[in-house]
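One chain, chain A, links the two complexes that follow: it is found with chain B in the first and with chain C in the second.
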Partner chain A sequence: MTPLALAPVHVATPGGYLLVLALTLPVIGVLAILAFAPRRARQVALASMAAGLAVAIAILAELLRTGDALTYVVGGWQPPLGIALRADGLSAALIAMTALVISATGLFARGMQDLSPETRDGRAATTFWALLLATWSALNTVFLGEDLFNLYVALELLTFAAVPLVCLDGRAETMAAALRYLMFALLGSLLYLLGVGLIYGAFGTLDIRILSGLGDGGPALSVALALMIAGLLAKAALFPLHLWLPPAHAGAPAAASAVLSALVIKAPVFLILRLVLDVAPPEAAAFAGQLLAVLGASSILFCSVMALRQARLKLMIAYSTVAQIGYLFIVFPLASGPEGTPPWETIAWTGGTLQLVSHALAKAAMFLAAGVVAEAFGHDRIAGLGGFGRALPLSAAAFGLAGLSLMGIPPSGGFIAKCLLLTAAVINGHPWLAATILAGGLLAGGYVFRVINTALASPATPLAVQRPIPRRLEMTALALAVAAVLLGFIPLEPFGLLQIGRSGLATAVAP
Partner chain B sequence: MTASGSLLAATILLPLAIAALCLSSRFRARAPSLLVFAPLPALLAALLVPDGTSALFPPPLRLSLMLDRPGAILLGGAALLWSAAGAFAASYMRSDPARAGFAVWWLLTLAGSLGLFIVRDIANFYLLFTLASLAAYGLIVHEQTARAHRAGTVYVVLALLAEAFLLLAFVMLAAGHPDPNPAIRDVVATLPAAPLRDAIVTLLVLGFALKLGLVPLHVWLPLAHPAAPMPASAVLSGVVVKAGAIGLIRFLPFEAGLPFWGTLLIGAGFVTAYYAAIVGVTQTRAKTILAYSTVSQMGLLAVLLGTGLENADPGATSLVAYYAVHHTLVKGALFLAVGVLAATGGQRLRPMLLLTAVLALSLGGMPLTSGALAKLASKPMLGYGLVSHAMALAGAGSTMLMLHFTLIVARDVRDNPASIAPAGQLVPWLAVAAASLILPWSLYPAISGEPLASLIQPDALWKLLWPMLLGTLALLLVRRFERLQGAIPEGDIVVLAEAGTPAIARLAAFVERADAHLRRWPVAGLLLLALAILIGGALMLQA
Partner chain C sequence: MSSAISDTATLFGLCGAALAGIGLFVVIAHPGLLRRLVGFNILGAGIFMVFGAVARRGAAAGLPGDPVPQAMVITGIVVAFSASALAVALLRRLFDLTGRESLEPPAAGETPRAES
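Right, the complex of A and B next:
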């Protein structure tokens, strides 16, 4: 037994109740929807979103005020018996991002449902609101969890909330996509659960903080981590495990696609980050990190080319998601700063986080804009959309601004992220990763440019709008895209917020 | 904030503000008529703000500006051309339904290209460079023809490539610096001793040469400049390519010198100058000939930069700026001339053709024109050896090309009905032409350090005249071979690159097939297990 396990590992902080609210508010919303459906589903959902957004902001404010992580120990029982919730700087940033994207998506979905009043209170609409809130609760649980089994439950909840979002319209095509998603995600869950079992059997605890103090965990820990990481990779759809993502994300309704692509796949990525940085022994993590970086780089290059080749707008955006996720995996070798610098104080850590957040905002904006386009013209074949910029100028602008962030063009969050990652690659001597980052930017330029070029074209017969789109609907996407661009104004150095609450952990990736 | 500082800031912010106001549809209709005013802060700044003024804006803007001698010369000339071309555009495009959108791209390109001359920090240099590069795309494809789209695609591919080269170069430059967004001057001072010096300089030269159009990276110019509407061609050829010149001026260490890179630039410059003159003389369209002439002139600019770099001569930057501003005004005036002449016929045609010919021959170094001044001012720096003779030969090439241009323009307007171009086009053209003939005289003594009287010495005149005679003879020779006309397609070697597209398409098709294969259940399942084993192995190997 290490001395760490004897002293209380988690000390509850005064603001800890906010974390509980972040988990439970959406669940209460789901229950209320079930109780008041179908008439009041929308109002309940939107009210929950307003409250959840306020809680997220409160968590962020409390974290900045105290300068330390927020902790809540459920029932006062210390791990390994009890469960703890903890929000450090990174978790708080992700919770705020989630709240922002979910709220924007909610507003968009409301506008979209208003377009067809006959189905506004129908079963699909009500289900959508319940699933959206359930997804939110699951995401927050992933970001706050400290217990590996608790995280497993959160991941399952996330999968079961996300899969039906794909096939809300009930077409055979989307049902097949959803089934594919479900099967592969379950395969991932299985591997993850196997790893959890191994760890519990070997160490008698599942608390990440206790595990992080173990030092060398022997082969049991290695096998367990390998199973868990592989399972999470399947859920994150990193190349070459992306078989389910393009049809699922492209087939879902626009609002659902936005949440799936922007948020849902970030949860497994976040967990891989925690496993590699917090649980794995540093020397082992360095080598595994290299392997993950190779996968990330292949993902960037391969799926960007695939995005370039897509004929349909939403499929293109979906492939771009797989490509952009790759950037989060090349962070591992880059975040090994000079001797003694923990990863979260490196610029690569800030760059990776910024990439995660700006991609979430930009990708949500893109999917919402694509949803507007598909709604207005009845299809999303890029070749048939020549001149859509004239009919839907705000959506074209939203797509363009979000594209700037994906391409890494200044001023945008994506630019700062890529600039920081590139700097880290240069300083740490990773020329191939630097080349990959640049090539990924060029390919992203290619597929974004293709759409912008289509938007700006002036075909002989102007494109006819099949149904009028209210301005407010277009504004949601634009607001998210502008937020992604505004992220470009944070300073070009390790960002203080992301270091809050990290220093207590004992491990670091060795250079 | 001082008055000078605000004027510098307004250089960038006024055009951006006008572009932002275009979001309101009522304002949008009036935007084209405001194009003439957008560059005025820049013009005032170039005239009134003393050299060495700098202005800092606090975070989150992190913008710092500075005006120095080369920057001021380039800024003034560019602002003048932007303003005149803006007035020209308002008249030229008055019946174009898409002119409001054109105005927005115009303003964005303007803000970026003028801001580049005064920006002091590295991050905002990149920002403005990107703005100028990408917004110019909107100008190139404005006419929405198949030609414009092809030109736009080639342009965007090369522009993004340049962005990538430069981003990596800037990141490598700034990587070791304590300030994450250092001043350009500070990082360039450390460049000669940097461990990755040659890699950084390679990337910088590649990135800026793409913009400047040095052979073989010039292919976008002869496609893009003729495809754009007339006033846009004028600013693209006159100002936007100068982003490459200011980039090399700012980022190469002229204080310390880099002899190898200097020699390389000189070589690339001469190859560009000769190659573009030879390819240009086979072209049959006036605007394409002008674009090739721009490539050729940018080659000479590279020669001057290379000489400065070889000799560690910081004074070369002012000289380069002087040469560049001569080219900005003359080339701008020539593009506008093509537009004006196309709308003119009858009695008025003859004097206008004469003025056009004078402007054109100025590029060949005709005595008493700005071209002659620029060439004579650079003579002392180039010395009297091989480089000097090669420069004179390039003058012959330019003369040949510009005579060819004059003959082509005269041929094109022969059957015009008797009419005259509207005043809205005529006046801006005459203004730029006059500026190109007058401005260089006023700058000459300060730049060259010699009195104006030295310009009319007989031996100075002879130095200018023999290349022109040689060029005339060369053109007479070329015109005997009629088959040469139109023998080389526009964009010359881009045709070879485009021949490679099937190979790229095959590669992409291969990726597509691989993707379909990887996304099959058995394959993905096996890969998942393989990955688990691989990661486990990786973790155990080191644990």
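Right, the complex of A and C next:
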């Protein structure tokens, strides 16, 4: 068969144990919740979150200190037989983002559960904590995995944790939404698995780093990658395959929606990024990039218009998620850049990553704010919320600040991201993509202003709050929104961070 | 590798491909969720057979088969089992609540309810 690499491809680094902690701490939390449920579930979950956040910060600090990727070779077995975990700059940034959003969501969920003390230790609450931690562990596994089959298992774990989050409240509509999500996700995983089998059959290895050095892989690799990317697109809810996302994300409880929309769909997007940039041979990568950009652009335009037409706040935010995900796919042709420049040194790469992170923070803030609004007034029909800004000023502010980032108005992380993407589109001569980015920004402005306009309206009869909302609950959403805006003020630091650990890879750029 | 082994493995792989095709057809063409679930299992079985063929073809000298794909199949079966269990649990709950076992849109007139 094909030659297997003899020299070790992965060299374990001293900080590698941190990666293992990032995977295992949330799992230990889940087990402890099962053991101590229902009394201690909250304490265990919040303690796990504090520990997980510390680990994420430690990974980031270690990466910045050493200036090189962290690697852990599981059991000391080198690939192709063993599997490796590896955190480069991008993975570390995503792990930090995940830890931040999960912790904020956890605080929010605690506040939300305190509103109804009778169900605080109930089954739904306990299940939520276990699923939240399971989602976290699966996300970290996706971001750290180097082995394609290991990534398959991580994706499935993510699905099994995310699908029940959709139907936590047990109503018939959310059950149907969860089942539709599961059907799309299962089809996606099986296509991915078939691709994994074909790659193993052709090359005898599944390690991304070894595969990236193989050069031209022939038709087997192209077919396998096409299957895997198609499967991942179903999970990432890009335009023609997005039908499952709006009902699923809008029907879930607010805290779960925030995690699903901000984080869970980023995992398949991240894998597509790795497959296209690291594994695919240059010509195939260029072709796939064009195709993905077309789908991404359609996603931006179609789903932004759909978001404008929604009558319910949470459905509008869910459609906005599909539109914003589209920006991540137009990065591919832009990142191929000038001759000889690896993708991760282009401004489009930085812009895409910044878009990913700022969308996560902004979208989590929006869903939490919408959850507060729905909790306070008992419904989330936009037409019936006139003047909610007076009753819940902090939530309206959080929504507005998060909206700034989605629209791409300075100063915000979303502005820097879209500005970089736009510049890359103009420099590389993609006028249609540039026009799409601008149109997407305008449409986002349309749907955000529709809500802000409602919030600031002064109806004849002021809106009455059905139940008092503690200030702390609103602060969580506001903190996330402010973080999304603040991303716009640290533009230079991530450039270097995102390149850490990339240079060792064989480039996927056309010679 | 000898041609005999290669032929058996090819036959095995083709059977896997046929099963995967049947499974995919069932998943896409049938609205009933229980049938789709069976379709997913057929599709999964086909994919596992492809893995089996890969293991046979990749066998090192002296070994009857490459153990790595076999280990993957075992993991895959566990994952597929969990997926089926989760889907059946959700489906039973949906059936208890609505009496439907498909995702066809509910009858017109059902207004969207607010979240709480």
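Going forward, the second predicted complex is superposed on the first by the 501 of 511 C-alpha atoms of A that agree within 3 Å, B and C clash if a C-alpha of one lies under 4 Å from a C-alpha of the other, contacts with A are read in each partner's own complex, and residues count from 1 in each chain.
As a convention for this text, contacts are C-beta pairs under 8 Å (C-beta built on N, C-alpha and C of every residue); 3 or more make two chains touch, one makes a residue touch a chain.
None of these values were measured; they are calculated from a predicted model.
Of the two partner chains, chain B is the only one touched by A:Phe302; chain C is not. Within the superposed three-chain model, A:Glu156 lies in touch with chain C and out of touch with chain B [touch as defined at top].
Look at A:Leu179: by the touch rule set out above, it reaches chain C but stays clear of chain B.
In the superposed model, A:Leu187 makes contact with both chain B and chain C. Once the two complexes are laid over each other on the shared chain, residue contacts for A:Asp114 go to neither chain B nor chain C. Contact with chain B, but none with chain C, is seen for A:Ser222 once the two complexes are overlaid on the shared chain. Shared contact residues of chain A with chain B and chain C: 187.
Across the interface of their complex, chain A is touched by residues 20, 27, 33, 36, 40, 43-44, 47, 50-51, 53-54, 57-58, 68-69, 72, 75-76, 79, 82-83, 86-87, 90-91, 93-94, 97-98, 103, 112-116 of chain C. Looking at the complex, you find that chain A touches chain B at residues 184, 187-188, 191, 216-219, 221-223, 225-227, 229-231, 233-234, 239-243, 246, 280-281, 283-288, 290-292, 295, 302, 305-306, 308-309, 408-411, 418-419, 422-423, 426-427, 434, 438-439, 441-442, 445-446, 449, 453, 456-458, 489-493. If you check the complex, the residues on chain B that touch chain A are 59-60, 62, 98, 101, 123, 126-127, 130, 134, 138, 141, 144, 149, 152, 156, 160-161, 163-164, 167-168, 171-172, 174-176, 180-181, 508, 511-512, 514-515, 518-521, 524-525, 527-529, 531-543. Looking at the complex, you find that chain A touches chain C at residues 1, 81, 149, 152-153, 156, 159-160, 163-164, 167, 170-173, 175-176, 178-180, 182-183, 186-187, 189-190, 193-194, 196-198, 200-201, 204, 250-251, 253-254, 311-312, 314, 371, 374-375, 378-381.
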